[in-house]
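Note that the chains are named A, B and C in the order they appear, and that numbering of residues resets to 1 at the start of each chain.
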Amino acid sequence: MSIGSRIVSGYDPERICIAVIGSHSALQILAGAKREGLCTVLLVREDLAPLYERFPWLYDYMLKLRSWSEIASGTIVEKLRSLNAILVPHAGLVEYVGVERAEKLEVPIHGNRGLFRIEADQHSKMRLLVDAGIPTPRVYGSPEEVDGLVIVKMPGAKGGRGYFLASSPEEVRRGLERAVREGLIRDPREAIIQEYVVGVPAYYHYYASRLYRRVELTGMDIRYESNVDGLRRLPPRFAESLEPSFVVVGNIPMVLRERLLLKVLEYGEAFARTVEQATGLPMMGPYSLESIVTPSLEIRVFEFSGRIVAGTNLYTGMGSPYTWLYWDEPMWPGRRIAREVREAALQGRLEEVVT
Amino acid sequence: MSIGSRIVSGYDPERICIAVIGSHSALQILAGAKREGLCTVLLVREDLAPLYERFPWLYDYMLKLRSWSEIASGTIVEKLRSLNAILVPHAGLVEYVGVERAEKLEVPIHGNRGLFRIEADQHSKMRLLVDAGIPTPRVYGSPEEVDGLVIVKMPGAKGGRGYFLASSPEEVRRGLERAVREGLIRDPREAIIQEYVVGVPAYYHYYASRLYRRVELTGMDIRYESNVDGLRRLPPRFAESLEPSFVVVGNIPMVLRERLLLKVLEYGEAFARTVEQATGLPMMGPYSLESIVTPSLEIRVFEFSGRIVAGTNLYTGMGSPYTWLYWDEPMWPGRRIAREVREAALQGRLEEVVT
Amino acid sequence: MSIGSRIVSGYDPERICIAVIGSHSALQILAGAKREGLCTVLLVREDLAPLYERFPWLYDYMLKLRSWSEIASGTIVEKLRSLNAILVPHAGLVEYVGVERAEKLEVPIHGNRGLFRIEADQHSKMRLLVDAGIPTPRVYGSPEEVDGLVIVKMPGAKGGRGYFLASSPEEVRRGLERAVREGLIRDPREAIIQEYVVGVPAYYHYYASRLYRRVELTGMDIRYESNVDGLRRLPPRFAESLEPSFVVVGNIPMVLRERLLLKVLEYGEAFARTVEQATGLPMMGPYSLESIVTPSLEIRVFEFSGRIVAGTNLYTGMGSPYTWLYWDEPMWPGRRIAREVREAALQGRLEEVVT
C-alpha cells in the first residue's frame, strides 16, 4: 500500500479541502482553491490572523493557533482529517514544526515529504542536484582550498540571512570563527563553502503533475533583497562603508531567453526524477531551482526549494507568460495545485497526488 | 449638509462622467471608466492632445485647454458640471492649478480635497504619517544634528528632482546654500532633512472604498529612476565621476513577502483614518505609501501620495497579484474608481464618494 | 504587381498557416496563432526540437532541420508554400540564413524584408534613425574625436556581446586593436563608436498594422544582462576586478511615465514612415526602438530591431498594460500578428500584410 493510499484512507473525495499555513504563499493558494471551487482551511497563528481576516471569502475554515507548533498536534491533525484536508506545504511547515514532525504528519500532503530531510541539510541538497546532473557551483571541502570568490552559507540560512562572501582561505576562516562565536553554527564544518558564480540570478518555478505526467514551467522571478538591491542606488562614497545583506523582501517578474528554456525544463525534469530515486516517493506539486546565469549562458543551480516558492506570488490571479503556453485560462501555482487535486478526486486517484 | 452632497447637487446619477486631466495616469483611468460603461471627459492641453487622440475610443469628450490653468476657469467648471463629471485627481491637478484653486474647485472630486494642502508641505506630510503611528525616518531639526546619512528634500520636489544626499552637518549646509543660490528654496528651513534609511524602496498602492468600508491593497511597484538605475551598470571607474539623479522615468512591478502584508494593510488603514481626523473629510479613492524595507524587515514610510500614483499604470487592464484577492475580474485602479462611482450612483449614494 | 501580391499568389486564404523558426519568440507566436485559430508550422533544428515537443498543442506541423541553413532550401520553401505558410521573422532568420537568402526567401514574410540589409550594418541603422528625426547618441567618426564616455560596438554584435566602453581616444584604439587581434573585426572602421548616453535603458515594442493604419505600442521592457546586472550585487572590493559583460539573459517588465508616451509613439510612427521611404516596401508587424532615457527625460534611441524582440515574451497570454488600451482582450504580439493575418485573409487583403 502506497503512502498516498494509506494517508488519504477515509477521505471523502467529494468533499476535499485544501489546507495551508497562514504565511508565505497562503493567499494565492487559497485564492486558487476557491477559483477551482474547493473548500479551504487556513491554519494561522492568532497574531497573523488579522491579515487573512481581511479576505474572509478565501477560506471556509480558519483554525487559529496559539503557536505554530500546534500544527502537528493531535487536535489539529484530527480536525484536518475530519475536513478531508490536503495540506499544501510551504517553507513555513518545516520551519514551524521541524523536519521530524513534518515528515510524520498524519495529514495528506500535496508534495514529496521525503524531501524535507534532504532540504534541511545543505550538503544533501547539493548532492541531490549533482546526482540529477544539474550544473552547480563548486563546493570546497575546507577553507584551505578556496582559490576565488566564494559564498559561505550556514545551515538553515533563510531569507538571505546567514551568508557571507569571501575570496581567500583566511577570510573564510575568520567568517566561520565569527559565526561560531555568534552561535550561528557550532562547528565550522556545518557551513557550506560554495564557489560564487558571477552572473545574474534567476529562479525557475515548476509544477510536477502526476495526472498529466509532466513537469510544467510555471514562471520565473528575481528576488528583491534588502539592503543589497538598495545599496547600488547610493554613490560609492556613501555605500562603501555599508555591509550588504541579502534578506528577501519581495520578488520581481522576468522571462528568460527562449534558447535557455530547454535546459531549464530538462533540469526541472531531472530534478523530479532524482527526487523520486532519492526518496522512494513520487515528486509532485510546485518546486523551484535557483540559479545564476553566466555570460556564456550557462545555468548554474546553487539552491532549490522542494515546494512552492514565494516568487510564484507574482502570478496570482493572472498566471505567468509560461502558464499561458499550457493553459487557455489564468493558471497560477495556487490554482494549479487545486486543479490537480480536484481532478484527481474526480478520477478516484487522490492517493496519487499526496504523500 | 456634507461637502459631498453640496458638490454633486444637481447631478444626474444616471449620466455620470469620469473626468481626468490628460497626463500621469489618465489612460488607465479612462480605460477603467469605459470598461465600467461610464462616460469619460478628458481635459488636456492642446500640445498633449495628440497622445490621447490616438485612443479616441477612451473618451467621450475632449476639452482642449490652451494652458493647464484653464482647468479651474468658470467655463471648464461649468462644462464639467453640465456633463455630470466627477474629477479623478492625480498629481497634475495641484501641479497645474495650485493648492488654493484645487481645494476650491467647484467640481466633485473622487478623493479627499483636504489633503491637497497637507501634501504641499513636507513637514505636514511627515507629521500626518507620524500621527498615524506609521514608522518614518527620523527628521533632523537642523543641519547641526545630522549624525549619519541623510536625504535633503526641497519643498515640492517632484519626480525625483530637488533631492541630495549628505552625511555630515557641513555637507548639508553646503547643499542648502547651493539650493538657495539656485533659487530652489528661499530659506534653508524650507527643506526637510531626513534620515536616509538603508534598505530597498517599495511603493504600496491602496484604494479606500467607502461603499465596501475597507482599504484595498491594489498593487506595488519599484520606481525606475534616471540616471541612478543606469549608473550601476557602469564600471566604477566610469561611474565615480557622475552625480546620481533620481528622476522617475517609469515603474517596475513587484510583490512583497506575505509576512509583511499585514503591516502594509495596517499602515494603509491607519493612514486613511488619520487623514479623516486631520481634514474632517472622508478618505476615499487611490493613494500610496512610499517606503524603505530594511534588512530587519521593518517598513519605514518616507513619503505618501494622497491620490493615484503612476506606478499603478503597471496594472492597467489586468489588475495586480493583489487585486485578484478581492475580485474575480481584472480590477486595476482606474477601473476600481469607476466601479465605486458607478455603484454609488446606482445606490443613490454619489455624495459619499466625492468631496 | 506588389511584392506582397506576387509572393502570396497561389495561397488559399482560408487555409493560412503561421510559420516560425524555433527559437527567440517562437512559443508566443505559436500560442498567439493558435489563440486566433490559425494553423501553425514550426521550423526547428533537431537538437532544439525537444523544447517544442513539450508543447505539441502549439504547432500543426514541425519541420525538423539538420542545420538552420535548410530554412532557405528548395524543399523547405516548397513545403512552406504548399502549407500556405506566412513566416514571422525574428532575429533567428537573418542569423541562420544570412541577409541575402533572407531577402530573397520565396515565402511570404509578415514584416519588411527590405530592412534585413539595413539592420546588418550599424552605420545604416543609425542613419535610418537620424533620417526619421529620432534623437540618437552622437556617433564619432574616429577614435581621435572621442571626448567623453563612449560605447564601441562591433558589427553584428548580438545579445550584448562585442561591446566595450571607453572614455578616451587611446582606450578606443586599444580596444579596437584587441578586437582585430581576436578576429571580431578585420578593420577598426567596421566598429561604430557611439556616445554613451547616461540614463536608464528602456525598450519600446511596436506593432505596425496595415489594416488598422496605425502603429500600436504593445509594451516595454528592460533587459536583464549577465553579468552586469549581477555585479552590482557584489561589494566593490569583490566587483572591481571583474569586467562587466552585457549578454542578454532575459527581460523585466516596465511602464513609462505617461508624459513620455507621446514621444514614444511619435518616434515609432516616424520610424515606420522612414522605413517605407528607405526600402520602398511597407512597414508592418512588430518592431522595437531601444533607448536611454536621460534625467531630463530625453529619449535617445541607440538601436532598433526591425522585427519582434524577445522582450515581448513578457506579455504572452496576458498582453501588456499598453495592449489593453487598444483591445478588450489579451493581445500579446504573437496573437496580434495572427489577428492581422487572419483579418487580412478574411478581407481578401493578404497581399497587404506580407512582403
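Note that a residue touches a chain if its C-beta (ideal position, glycine included) is under 8 Å from a C-beta of that chain, and two chains touch if they have at least 3 such contacts.
Because the structure is predicted, anything quoted here is derived from the model rather than measured.
For the self-contact between chain A and chain B, the two sides draw on mostly distinct residue numbers; the shared fraction is below half. In this entry, chain B maps onto chain C through a rotation of 120 degrees when their C-alpha atoms are superposed, rounded to the nearest 5.
We define each chain's centre as the mean of its Cα atoms; on that basis chain A and chain B are separated by 36 Å. Multi-chain contact residues of chain B (touching two or more other chains) are listed as 225, 229, 232, 236, 252-253, 318. If you check the complex, the residues on chain B that touch chain C are 23-28, 31, 35, 48, 50-51, 54-55, 58, 159, 224-227, 229-236, 238, 242, 245, 247-253, 310, 313-318. Residue ranges on chain C touching chain B, taken from their complex, read 149, 165, 167, 196, 198-202, 214, 220, 222, 225, 228-229, 232, 236, 239-240, 243-244, 252-262, 265-266, 292-297, 318-319, 321-326, 328.
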